[in-house]
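Across the two complexes that follow, chain A remains constant while its partner is chain B and subsequently chain C.
What follows is the complex of A and B.
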């Protein structure tokens, strides 16, 4: 079983349009799919789930998403606390409304000691932005004499990436719905040996059967992580 | 006691029957899945043959100009099969692909660079081609060779360049940080450390695992990634199909995508081009007679 599963939740709007519903209905259905996936991950021993809510490059139709995000955190937080689920958010939070920033910060704080499972939500996230902010962080540490300039290498950059909030920063599998075949600037640094699973299903229709397919595909691959067979 | 013994025996017997039953069901499921994948494999082979032989005519209407830069990732063990790599590149030249980046994690293709370039006619190194217009010739191709150090290690080197710049400018304050540590400056720094290749439009992965094996992450933001299977099982038809499918996709670069809108735009355009070609041919024939 992969310890870390990453998901690009694509297709909410298309799902709604296919049914003659407003986009908001698609996003709400998407939240239900996410809830189901979180339960499955907890049950089946996955330790970390990272989901790409939306990109730093895509601030269209965001107002409704902000409200939905706020509503979801408020309704799910107590459940997450009781089930030992830790919530983390990665991405450029400075662009989020102040109320949402405070809510997220509070949720992260109240669940930081939970260890059964970690849900990482990437909001206004960009893989390139993640690398650049890691470099800024290191620059600050060099300035403060915490780190020497000669010690700057890829390991140091990895420690400063936003995914260092978890013990398992490298996803074993990346699932993208709606049959799009790209990573769209998500977790660029972290995906070197991640198995890609691109599935035709739209995100609101992604359920247990599709997740089993993805995990079966992951388990069947011979993974060498760049090493040769001895 | 006898009754208890009998019940235990019955229970044990029932468990064994149950386990046997489950094992048989498990075997049947595995068999069904294997049969399904076998059938899929046969269907792919037939389709590939039909595409290669030109029977499926739609693959002839390939707008190769949409594929500006192609990356090929080959699993390192398979990268030792240089004749297969050369065959693949020859197919790409025949299809009309102009720029290819060849990647394997261990740098085996880099080490075999001279041998690969020697075996292909009209192939030049991407770094040597530069701004010159070598590619007016349809059958010319530029090759870039990359390996694992061109990924994360290159980013670390580029980061060091930015740190040096930061220190030179006084290295203090949030504003200085914001000015120096930007995506654009990182891209520039990567070019300065020798990673000059652009972002590929399409990345084809040849190997047993469906991942990009450390291809320079900075370059694959919106790259389409297609797993092609093992290099030893490569087929011309599958290659052509993967490139054709890419040319039919519309990229929204981080926003929602609407493939059906692309189709509505492409179909009338193709029909119009055919009509114009036929009309021109007719006019030419009339003027000759």
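What follows is the complex of A and C.
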């Protein structure tokens, strides 16, 4: 079982259009899918789930998604606290409305000691932005004489990436729905050895059966990390 | 007499195949074409095992497959080709295998820069991308010689990733961009200017923002010699990047046919381009809807 599963939740709008519904209905159905996936992950021993809500490149549906995000945190927070689920957000939170920033900060604070399961929501996030902000932190530390230039290595960068909020920053599997065969600026550094699973299903239709397919595929793959087959 | 007829027929057949290929590429050119294709050449060892051959033979046949793909790219007019030849992770393999791969690489690099080779016929400029200091001396020298020998070629670019991983490339770029800014900072500090922002009423946060930007890192990447790839093709059915072009593949189309690298051919290439074009037109529609 992979310890960390990453998901690009794509297809909400297409799902809604196929049913003659407004795109908001697609996003709401998407939230239901996410809730189901969180439950399955908790039950099956996955420790971390990182989900890609949207990045810089998709501010068209922003207003509605912000409200939905706010509504979801408010309704799910007590449940997370009681079930030992930790919630974290990665991405450029400065672009979110102030009320949402405070809500997220509060949710992160209140769940930071939970250790059963961690849900990481990537909002206004891009893999390149993550590396650049890590680089900025390191540059500042070099300037402040906290770190020497010679000490800059792989593990220093890992510590400064936003995914350092978890003990398992490297997803074993990345699932992308709606058959888009690309990463779309989601995680970057962290996907070095991740197995990709692209599935035709649209996100609101992604459920237990599809998740089982993805996990089965993951378990059958031979991960060599550059070495030879045994 | 029969031999001459046979050879004539063979020539006619070859010309016909060539003509059909040209026609197919002509038709493909009606739709958007990729400017940069990257290949993860996976499956050489599995190919050798499948055919009961010695392991080294798989890599040799793999080299022929590379030439075949370079020919396809040249005929289609693809300006940039990148291949993942040897990862830093591959150094973990048995010393015997690493040694034989290094020897093969040196042999093939020397072949590539011969006057009559396709590299010169296609006008390919070669770059060796990676931490070349990790290579053995003869291979590193051969690589440097090849880069020098092809520096004047200007029709297309071939980036050969050796002793490469994307994370190593990024660490190096981060280090170099901080080094560059450090020198700038020292000069400014010495002249009493600093970044000047705090004196002007800027905050410490603003100063941090000025330290390093995306563009600073990008210009120090080994792959700064080429634009980002449009397609990454990984053969042998594995669907992962294995620390290849993580930075550059942010919005790139990933194609994973199950064919093993030594068996890759014209029709796989054609299929990859068609899929790219279909995906490209879908993305364009989606962008227009937004």
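A few comments on the model shown:
Basically, the second predicted complex is superposed on the first by the 228 of 230 C-alpha atoms of A that agree within 3 Å, B and C clash if a C-alpha of one lies under 4 Å from a C-alpha of the other, contacts with A are read in each partner's own complex, and residues count from 1 in each chain.
Rule of thumb we're sticking to: a residue touches a chain if its C-beta (ideal position, glycine included) is under 8 Å from a C-beta of that chain, and two chains touch if they have at least 3 such contacts.
Not measured: the values here are computed from a predicted model.
After superposition onto chain A, partners chain B and chain C are found to clash with each other. In the superposition on chain A, A:168 makes contact with neither chain B nor chain C. On chain A, the surface patch touched by chain B in one complex and by chain C in the other comprises residues 60, 127-129, 131-132, 135-136, 138-140, 142-143, 149, 152-154, 157, 180-185, 188-189, 191-198, 221, 223, 226, 228-229. Of all the residues in chain A, the ones that touch chain B in their complex are 13-14, 55-58, 60, 127-129, 131-133, 135-136, 138-140, 142-143, 149, 152-154, 156-157, 178, 180-185, 188-189, 191-198, 217, 221-224, 226, 228-229. Residues of chain C touching chain A in their complex: 45-46, 87-90, 92-94, 97, 165-168, 170-171, 174-175, 177-179, 181-182, 185, 208-209, 211-214, 217, 238-243, 246-247, 249-255, 279, 290. By the touch criterion stated above, chain B contacts chain A in their complex at residues 76-77, 105-106, 148, 151-153, 155-156, 159-160, 162-163, 166-167, 171-172, 177, 180-183, 186, 208-215, 217-218, 220-227, 249, 253-257. Chain A meets chain C in the complex at residues 60, 126-129, 131-132, 134-136, 138-140, 142-143, 149, 152-154, 157, 180-185, 188-189, 191-198, 221, 223, 225-229.
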